[in-house]
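Letters A, B, C and D name the chains as they come in the text, with residue numbers starting at 1 for each one.
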Amino acid sequence: METKLYTLPEAISLFVRPGDTVAMGTALESLIPFAAGHEIVRQEIGDLTLVGPISDMLFDLLIGAGCVRRVVAAWVGNVMMGTGYNFRRAVERGAPHPIEVVEHTNLTLQAALKAAAQGLPFLPTRTALGSTILERNPGLKTFRCPFTGQTLMAVSALAPDVAILHVQRADALGNAHVWGNLGVTQEAAFAAERVILVADEVVAPWVISSDPNRTLVPGFRVAAVAEARWGSHPSPCQGYTNRDDGFYRAYHGASRTREGFEAWLDRYVRGVEDHGAYVRLLRDEGRLAGVAVREHAYTVAADYGF
Amino acid sequence: METKLYTLPEAISLFVRPGDTVAMGTALESLIPFAAGHEIVRQEIGDLTLVGPISDMLFDLLIGAGCVRRVVAAWVGNVMMGTGYNFRRAVERGAPHPIEVVEHTNLTLQAALKAAAQGLPFLPTRTALGSTILERNPGLKTFRCPFTGQTLMAVSALAPDVAILHVQRADALGNAHVWGNLGVTQEAAFAAERVILVADEVVAPWVISSDPNRTLVPGFRVAAVAEARWGSHPSPCQGYTNRDDGFYRAYHGASRTREGFEAWLDRYVRGVEDHGAYVRLLRDEGRLAGVAVREHAYTVAADYGF
Amino acid sequence: MSTPYTAGELMIFRAAREIRDRELVFVGMRLPLLAYLLARSTHAPRAVGLFENGVLRDQPAAEPLITMSDPPNLRGARMCMGMETAMGLLQAGHVQLGFIGGAEIDRYGNLNTTEVGVDDAVVRLPGSGGACDIACLAGRLVVVMKHERRRFVERVRHVTSPGYGTGRGWRDAQGLGGGPSTVITDKAVFTFHPRTREMVVSSLHPGVTPDEVRALTGWPVVVPPDPPRTEEPSETDLAVIRRYDPEGFWSR
Amino acid sequence: MSTPYTAGELMIFRAAREIRDRELVFVGMRLPLLAYLLARSTHAPRAVGLFENGVLRDQPAAEPLITMSDPPNLRGARMCMGMETAMGLLQAGHVQLGFIGGAEIDRYGNLNTTEVGVDDAVVRLPGSGGACDIACLAGRLVVVMKHERRRFVERVRHVTSPGYGTGRGWRDAQGLGGGPSTVITDKAVFTFHPRTREMVVSSLHPGVTPDEVRALTGWPVVVPPDPPRTEEPSETDLAVIRRYDPEGFWSR
C-alpha cells in the first residue's frame, strides 16, 4: 500500500493552493487544525475561502494574516471571548483587505457539506425559514416538498477543495480514528476533493483495523497524513491535549489592534520555523504542562472476534 | 434514572401492537433480532408492516407465521440460499394470506428512514431513476432540483412505529453500543416512534459512557431494553455470536412447503416457551458450540482522559 | 428576607423555571447551562440536557467548562453525536425547549446576532451558529439577555433567529412551528401576547419599575397594570447555582 | 494447451479483467468478489474493493464468507461504514465499477430481479437490494449471469436495475450517467453498441458458436463476423481463484 505520510509543510504546500476552498474547524471548539493553519500563514497561501460551522479563533487568525478572500460559516469569533477582532476589521473596514461573508446556520452548513458528501446537488432542511440569513447566501432557497407541499429550505451542496482535519490517530495509509464531538467532520471528509489529516499520532494500520467502526474516512479519500503532536493547540484533542484557555484570552487581548495582532503572529506563527519550533516555544512558555492530559480514561474494548 | 429493562416477552407485548410498522434487520445480514421476531410469533401479533433493507430469513419467517400484512423492503429472501419460500407463497398464492409489497432499493430505504430521523418530509437521491420500482412505491417520485433543475428521486419519510434493534451491549437506561456493519440501524433508531433494544449483554452505564462515540442512540429515545444472549441467532453479532450457516440452509429446505415450515415453527418458535428455551434447544442440538466466538479480537482503546 | 443574589443568579433561577420535568432541552453554555443544572437539581430531575454540539450527559462534568467541547464535558458522556444527529433531534421535534441570547431583539421576538449599527458604522457580530436553528426548530424558545435600549429595538437590522416575524400568523406562513415563549432579562420577564405575538411584560424583577422597563425598551412596551413580581430564588437554588459556578464566572 | 477450468472460473477471470488498477469497485459476494480478489492479485494491485454493506478491507478475510456481513469480513477491516456512507460514495461518483447479476436481462441491458413470468404464473424474486443503486450510480456496470433463453429477453417484465432503457439517450433523459459496459455470461462477453446502446457480442467463449448464442438469446442478437474468442485464464489466474474458493462453492 502507498503511504500518504508527509511533513506538515509538505502536506500544506502540496495540497493547499491559493484560491482554494478549505474546510477547517469542522469539530466546533475541538480538534481545530491550528498547526495546519499556522503553516498556511507561513507559506503565505492566500485568496482562500474558509468553510466551517463555528470557527474558534483560527478563521480570525487567518483573516488577520491576509490569507482569506471569503468566509462561509455560521459563526466567526472566539468562543470563549466573543468577538474576533480581525473578522470585524476585515468586514467593517476592509483591513487587511475586504472579505466576503456567506452566512450559514450550523444546520445549513452541515446540510451543504452533507449534500456534497452524498453526491447530491442539495439537501432540504426546515431551518432558516423566515430569517434574513438566506439573503446573504445564494445557496439557500425555499422550495416546496414534492410530497406534502410544505415550505422547506433547500441548501445547495458545498464541496471544499480541501478539508484539513485534526484527528487523534491515523495510519500512513490515511485511515483515521477520531473521537469526541465531531460536528461536521465526517461530512467534510467525504465532501472534499482532497483530505489532509493532521494526527497527534501516526499509528500502525492494525491499530485502526482493530476498530473499523471508529474510522473517520477510508484512506483512498485521503491525500496526506501529517503527524503533529499538540497540533490542535490551543483547541482540545480528547486524550491528547486539553484546551489552553489562557491562550485564547491572550489572543483576544493581543488582536484588539492590528499592531497587537501582528506582534502575536510574529511571535507564534511567522517567528517560528515550523510546528516543532512552535511546540518548543509553548514548552518554554510553560504552556505544555497546562494542556497535557492529567488522567487517562480508556474505553472499554469492543470485541471484533469470531 | 429510570430503568428501561424488561424481559423480552414484556418488551414485545408492551411496545409492539397489532398493525404496527416495525423496522427490523436494519444491519443487513448481521444483528437480526430473531429472538424478538420469534416472540412476536409466539404472541401472535399480526397485521404488521415490516420495514428493512434486505431481510435475511426473518421477514420470510414472520410472513409464513401469518404476522404480516405488508413488507416495505429492498430485498426479501434468504441471502445464503436465495428465495424466501414464504414470501413467494404469500405474494404468488396469498398463503397463508396475501401481503402487500412496497418496493425499495437499499438507498431509497435508507433515505426514507433518514428523512424521518431528521424530521424531514422527504430526502432527495439520484437512484431508481428510470426503474419501475417507483411504480410500486408511492413514496418515490421524481422532481427537479431547486438549484440545478436536474431530475432527482424524492423519497418520502418513513417513520416506523417501532424499531427492534439487536445490539452487543446496552445499559438499563437504553444507551447502547453496537459495532460491525450497521446498515440503516442508526436511521431506524432515530426514525422510530419507539425503540426496543435487544442486547446480548446488559452492562453498567459506565461501560457505555467510557466510549460515548460508540453509542447508537440515547436512552431517552428508547422504550425498552431486553437482554437476550444469542438473541441474533442464526445471524451474527460480532464478538458474541457467529453465523449459523447450517440453520439458514435447514430453514430453506424446511420452508419449501407450508407443512415443512409449520413443523419448523413448531420446533423452533411455537414449541419453545421463550428465548431461554430456544437457547437450550440450540445447545441440545449442538449448535451453540458452532456459533460461539473462538478467538477474541479487542479494539485498541481510545482515551477520553483530560 | 431572602439571601442576596446577583442579577445573573435571578435570571438563571427564572430560566430554570422554564424547564419542565422530562423535557429534552438544548443547553448552550453560560446561563442556560446553569439553569438546566438548577432545574435538574430541583423541580425537573428527569429533564435531559443536550449540548448543541451533540454531547449528551447525565451528570455535570467533573470540572468547569469554558466551551461545551471541553474535554471534561466528553468524558463520561452518554453519547457524542455529530451535528447532524443533534440537529436532527431538533428538526424532528424532539427538543421541547431551547435557549438563546442575542445582541438585538425586537417587538416580535426576532433576534439579531449578525450585525448591528447603521450603514456607515456597522459592528459585525459572530453570526448565527446554531441560534437560528434553535429559534426555528425548538418546541419553545427562551431568550436570556441583558436589557438595554440599544438591544431592545422596534425592528432588528437582521433576522438571524426568527421570532414571530411581523406578528401573528407569520411563523405559520414561513413554515415554522414553535416560537419564543419567554424573554428573561436582568429587569423583567416577558411573554408574547397570544393575539398579536408582541412581547409584553409578564413580571418585573424586584425593585424594577414599569417606567424603567419602558425607558430601556425601544418600542411602547405593554406593561400590565400592577405587574407581578418575578419570583426570587431560594437559598437552596442559590446554593446549587454557586456549586456549579463557584467563581461566579457566568452568574455574576 | 491450457489448464482445464470451469465456466465459472472463466467468468470470474473475464470479470477480473474489467477492473482497472486504482479503481474503487463495489464488490458483492460470489463471482464479483472472486474477480476482485483475482484482479488485486494480478493486474490491479491497487484496486480498492468496497463491499456493498460498507465493509472496506485491504486483505481478504481470514475465512471464507457466506455473506458479506460474516464476522471474518469485519475483523481487520479498515472501515465499517453505514449504508448511507457506502451508498454516498456510489452516489457521489467515487465508485468506478459495480457488478450485478439478474434473473432477466434485455436487449438494452435492463435487469429484472423483482418478478418473472406471466400474470397467472408469476414467480416472485427477492427484489433490488442495492442492485438498482449500483446500476444507476456506478461509473461502469458489469453484469455477470448465466446465459439462458428465459433470462435473455427482448424486454424485461420489470426494470429493477436500469440499463440503457429503450436505447441511446434514454439514461440522459432519466438523469442517469454511467450504464452497463459489459455483460459476461457462461457463453460469451457482450458490450453495448455506442450508437444504439444494444447489447452485442464482443467475444465468444472457447467452443461456443454464434448460433448457440443466438439460440439462447431472446432477440436477434448481433454477432460480429468472425467473432473474437474470449481470453482464457492462465494457470496463475486459476491458482488464485482456487486459493480464494478452495471448495469451488462459487466458481464451479
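Here is the rule we use: a contact is a pair of C-beta atoms (placed from the backbone, for glycine too) under 8 Å apart; a residue touches a chain by one contact, two chains touch by 3 or more.
Since we're looking at a predicted model, the values are computed, not measured.
Colleague: Kindly list the shared contact partners of chain B and chain C, in label order.
Modeller: A
Colleague: A-D versus B-D: which interface comes out with more C-beta contact pairs?
Modeller: B-D
Colleague: Tell me which chain's centre, taken as the mean of its C-alpha atoms, is farthest from chain B.
Modeller: Taking each chain's C-alpha mean as its centre, the farthest from chain B is C.
Colleague: Could you state the distance in Å from the CA-based centre of chain A to that of chain D?
Modeller: 41
Colleague: Which integer distance in Å separates the CA centroid of chain C from that of chain D?
Modeller: Here the centre of chain D sits 58 Å away from the centre of chain C.
Colleague: How far is the middle of chain A from the middle of chain B, if each middle is the mean of its Cα atoms, in Å?
Modeller: Going by mean C-alpha positions, chain A sits 37 Å from chain B.
Colleague: From the mean C-alpha coordinate of chain B to that of chain D, what's the distance rounded to whole Å?
Modeller: 28
Colleague: So which bits of chain B are touching at least two other chains?
Modeller: 119-120, 125-126, 150, 152, 179-180, 182, 186, 213, 236, 238-239, 242, 297, 304-306
Colleague: Among all residues of chain D, which ones touch two or more of the remaining chains?
Modeller: Residues 55, 70-71, 74-76, 80-81, 84, 90-91, 137 of chain D each touch two or more of the other chains.
Colleague: Who touches whom among the chains?
Modeller: The complete list of chain pairs in contact reads A-B, A-C, A-D, B-C, B-D.
Colleague: Please name which positions on chain C make contact with chain B in the complex.
Modeller: 24, 46, 48, 50, 55-56, 58, 63, 70-72, 74-81, 84-85, 88-94, 137
Colleague: Mind listing the chain B positions that touch chain A in their complex?
Modeller: 119-126, 139, 141, 143, 145-148, 150, 152, 154, 156, 168, 177, 179-180, 182, 207, 210-211, 213-214, 236, 238-240, 242, 293-306
Colleague: Okay, in this complex, where on chain C does chain A touch?
Modeller: Contacts found on chain C: 51-55, 66-71, 74-76, 80-84, 87, 90-91, 114-115, 122-133, 136-137, 158-162, 165, 170-171, 174-176.
Colleague: Note which residues of chain A are touching chain C in the complex, please.
Modeller: Going by the criterion above, the answer is residues 27-30, 53-54, 56, 73-77, 79-80, 82-84, 87-88, 91-92, 101, 103-107, 110, 114, 125-133, 142, 150-152, 179-187, 236, 238-239, 242-243, 245, 297.
Colleague: For chain A, which residues count as touching chain D in their complex?
Modeller: Those residues of chain A that touch chain D are 1-2, 116-120, 173, 175, 186, 190, 205-206, 208-209, 212-213, 215, 217-221, 304-306.
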